[in-house]
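Across the two complexes that follow, chain A remains constant while its partner is chain B and subsequently chain C.
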Partner chain A sequence: MQDSYLEKTIRGLSKALSESLFSEQVARKSGLLQSLDPRVRLGGVLLLVVAVVACRRVEIVGASFVLATLLALRSRVCLTILIKHVWLVVLIFTGIIALPAVFITPGKSFIIMRPVPLSISASGLYSAAMLILRVETAATLTATLIFCTPWTHILKALRFLRMPAEIITILTMTHRYIFLLIETAKQMFESRQSRTVGVMPESERRKVVARTAGVLLSKSMELSNEVYLAMLSRGFRGEVRLLSDFRMAGRDYAALSAFIVTASMVVWIGR
Partner chain B sequence: MHIPDGYLSPSTCATFYALSAAGWYTSLRRLKRVFATRTIPMVSVFAAFSFIVMMFNVPLPGGTTGHALGVTVAAIVLGPAGSIWAVSIALAIQALLFGDGGITTLGANCFNMAIVGSLVAYGVYQLVATGSDVSSRRRVIAAAIAGYTSINVCALVTAIEFGIQPTFFHDAAGTPLYAPYPLRVAIPAMMIGHLTIAGLAEALVSAGMVSYLQRADINLLRGLGAAPIPTVSSASNAGAASARLWWAVGLLMLGTPLGILAAGTAWGEWSSRDLSARLQQQAASAPGKPANPSTVPVGLQRLASIWTAPFPSYAPPFVRSPLLGYFLSAMFAVGLLVLISLLGMAWGRRA
Partner chain C sequence: MSDHVADAFRLENVSFDYEGIPAICSLSLQIAQGERVALLGPNGSGKSTLLRILDGLYFPTSGSIQFHNSELSKDNLNNQQFCFDFRRRVALVFQNPDVQLFNPSVFDEVAYGPLQLQWTKEEVIRRVEETLAFMSLSHLRDRPPYRLSGGEKKRVALASVLVMDPEVLLLDEPTATLDPKSQSQVVDLIQQWKGSSKTVVTATHQLEIVEDIADRVLVLEAGTITAAGTSSEILSDTELLLRANLAHAHRHSHGGEVHSHPHLHGHTHSHDHTHEE
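Let's turn to the complex of A and B:
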């Protein structure tokens, strides 16, 4: 397919848009994580991810994986989505990376393959299992947080975690313009594809990508100037103020305590 | 190159968050100085642009496609400070909104791609393009070299982060707890893909974009966040460059005693006495192997006695302290080189 690069790019851009819409849909459902204050959600899941990364025992990481799956299911994240979008992706990517470790990690061999001069060491198997399980668990936790929390809530929660207001504003604006520029880039590629007849030489295809990126850069610059003028006209003087309307309830305090206790146990038992 | 959670140990993640924080702080201060109240919209829109460019499929020779990082063009247009922020924000959104790259490893990812990538791309571009006209062909070549180099340096730094994990983070039995491959495996495994596909994709996109902007929007190439590349070196610039050079030479001279820390003699740089001792040691340890001679060849011994250095082994005979001797040797050598350079310049001016 001579223009597969255009289709691939258009597909990628559309996928980014649809994934974002999908997470907005899950975030609206009533589940365990959705019912908690976004600050507790973000802080709690981050604590669990750090605990899993710090854990040094494979059985504890395995238990954390079960816990992360339960959390995802109780938060109304569909198992099919979890398998298709998280587990399989991680398994393929990390599995390819971890597989050679099974054979080349030094240690006592317990399976020797003949006539191929390959042997599986216990330490290699342990090391690969540890890596895959750890990455799967962290990815399940992060995906659950992303699926269950609207972007605006993540940003407000980050503000609570003492992230400077300027950075929060940049993240908010970037998020908004990503979708505008994705749409612009998609339209540019689609119009290019609709006008392409016959076989385009490879060098010409590269030029198309570079020119599209160049046009997008010029458009971004113009957009940035327009946004700045719009901000100035609304009285922006370089200071940023954000509203925070979150209220912590008893249930949130209980959930926060549960997150802290679980994370501490994962680190303590798995040390 | 987006490292997911679980590949790096918590202490590695914390170290790279600290390093990135230093980079973010310094670059934000510079950005505010240059762009003032325009910083927020400028970085936001460019971060969105960087995010989208990372999704473009670039057709590569041989029928395959690859993704560019877009850090090179960001560094050329915005300068390193703007590029560091634009790419870091794009990476943060990828991690927090799309789960691409880890949260605990975000510091390392930003350090590798945003900070190292921007600085290397900007440095190489400046090095190759300095003195050329903004519409010249050299700028396109500079962008390609900068793109290729920056992606490969980013990959090398990432490989080093992976490669040090099994050395420092393993259990009592020596089983790796994080990324399992040592440096000798991690570096070639990472570099093969980047020296071929990813480096090429970044080089082609950077060169193509610079070439397009030269024709369509040349002002963007004059640099928004950085001082424009001087086409004619002025006296003040030459003075500043010269001052920076003297500071660098001074710092290097102060660091010379570090050389004493290295034990033994570099392989192949033995004196005839060192070689003699080495050969005798080898002969004693493997008496049944007559492959190597047990004494120093006569010719080598004769040639070695032709010239005796005034400061043998960087230790002048009149100084007892090895530290002071090493330092004096460095000062003497630098002084000698400066003298030769000054004489050369004077001769050049007269000619």
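Let's turn to the complex of A and C:
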């Protein structure tokens, strides 16, 4: 029997919760990135991403991709996860964007398709490969950072990089309450499922979604008001203050230097 | 009590409404420093609203409220010095811990209050570590609050206000939804403050904990105080408890004979049987 619409929704919400647990588990493992100060991890990854974007030679971007993959593996990120959650997703979405470039970029025709008047140019293929490789590398680097660093540490590290405290608070709250709302939505669907007999018609399904969205919206508004009161109660006066207890060790300085040197080399050689 | 000890709070004819719907009606009340007060009342009787008024989160639509002889008004709370002093001395634990736990980790959660009050970094870290150890939460320090159980969340919520060592603790249903062990931990904590200078105001409808957590009990119904007295006076007034929806008729049988008695969930349970004819 095919899964009902409600079962699929519940399974999707549960999956979202369990996937967040996965990244917390990876972050607790002892790996290369995990051993570094979160500010070095964030700064280093950002530098590499910028360098890859600035690089103009496909072989250097390819080498960076290999480097990013090695970094992920040394940080105990499973290859299957990388393939399923990063590379395939990026390939599909970037592939759609890059596909027209294969045909419309002017240059010497590489493959001519008959009878359709379409030709693939070498420069078109190069542009598409360059775009896909760049995005794959950047996505591998950022996914590795996110898998290996607790969200709390990323936020604190962002604050160190002078991101406004207000944005940090918004990100913190969003991350915090999205789980509460997912959990609430899951319970609402479960409750609905427990009272549903037989197959629900399509129109009724749409109504369920609309009602759930409406209730969730009002709940989230009520919650945000309560949270604001709880913040006021503990002395919040419009300014966000965070505690940073990070400490840089010799290893962190060495890693930061390695990130800077690698990023500079990628930009220099790939100019 | 209030003859010898200074009043922490003094409310005179305080009324409050939610967009025209009255929640507190012309309520006058004094709470002495060091007093342990329980607010009893059914759902919607105004307990949570009163706690929020005492915490300076809601302001009366009429009447006045004073904290240690200073007007608790929006204007005064806009003054940074008054606000910091009041927020350090008065703390509220919300009924729903999810509302109160908005930080990314337990450590950050407990550190939030002291950081807002601009304590030094060293002082914040020291106090947070001490409080986590006192509440047996040190092992959860890096966990995100949404990954905690209900009892753990409640303990973190308590820790997040205890870290500031407040003079006045306002507790909204502190033991609701807790398992028996977590419940007794919270009750033990409140009992520890008996005889200290801490003022504790607890809103609850769990009669079985009242004697342990309060010296004075106020019964709220529809936003007004309908009865006040010591814990034993109020808990022994079965008629009042039944009228205020704090007890209900409970029927069960002993040896084939059906009994009906007010169900108080407390020590008086087995002594208050009234046999049904």
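Keep in mind that, in the parts below, the second predicted complex is superposed on the first by the 238 of 271 C-alpha atoms of A that agree within 3 Å, B and C clash if a C-alpha of one lies under 4 Å from a C-alpha of the other, contacts with A are read in each partner's own complex, and residues count from 1 in each chain.
In the analysis below, a residue touches a chain if its C-beta (ideal position, glycine included) is under 8 Å from a C-beta of that chain, and two chains touch if they have at least 3 such contacts.
From a predicted model like this one, the values you see are computed outputs, not experimental measurements.
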{"item": "Superposed partners chain B and chain C on chain A - clash or fit", "value": "fit"}
{"item": "Touched chain A residues, chain B compared with chain C", "value": "B"}
{"item": "First (chain B), second (chain C), both or neither touched by A:Ala210", "value": "first"}
{"item": "Contacts of A:Met173 with chain B and chain C, given as first, second, both or neither", "value": "both"}
{"item": "Touching partner for A:Arg134 - first (chain B), second (chain C), both, neither", "value": "first"}
{"item": "Touching partner for A:Arg234 - first (chain B), second (chain C), both, neither", "value": "second"}
{"item": "Touching partner for A:Gly250 - first (chain B), second (chain C), both, neither", "value": "neither"}
{"item": "Chain B versus chain C as contact partner of A:Gly198, first or second or both or neither", "value": "neither"}
{"item": "First, second, both or neither for A:Ala185, with chain B first and chain C second", "value": "first"}
{"item": "Contacts of A:Leu223 with chain B and chain C, given as first, second, both or neither", "value": "both"}
{"item": "Where chain B and chain C come nearest after superposition, their Cα distance in Å", "value": "9"}
{"item": "Chain A positions touched by chain B in one structure and by chain C in the second", "value": "151, 173, 175, 177, 180, 223, 227, 231-232, 236-237"}
{"item": "Chain B-facing residues of chain A, complex", "value": "4-6, 8-9, 12-13, 16, 19-20, 23, 46, 49-50, 52-54, 56, 86, 90, 93-94, 98, 100-101, 104-107, 123-124, 126-128, 130-131, 134-135, 137-139, 142-143, 146, 151, 154, 166-167, 169-171, 173-175, 177-178, 180-182, 185, 202, 205-207, 209-218, 220-221, 223-224, 227-228, 231-232, 236-238, 240"}
{"item": "Residues on chain A engaged by chain C in the complex (per definition of touch)", "value": "21, 24, 150-152, 155, 172-173, 175-177, 179-180, 183, 223, 226-227, 229-237, 241-243, 245"}
{"item": "Touching residues on chain B, where the partner in the complex is chain A", "value": "4-10, 13, 28, 36-49, 51-53, 55-59, 61, 63, 65, 70, 73, 77, 85, 89-90, 92-93, 95-99, 102-104, 171, 173-181, 185, 204-205, 207-209, 211-213, 216-217, 220"}
{"item": "Partner chain A, residues of chain C touching it in the complex", "value": "52, 55, 57, 80, 83-84, 87-88, 91-92, 94, 96, 98-105, 108, 111-113, 115-118, 121, 124-125, 142, 144-147, 160-161, 164"}
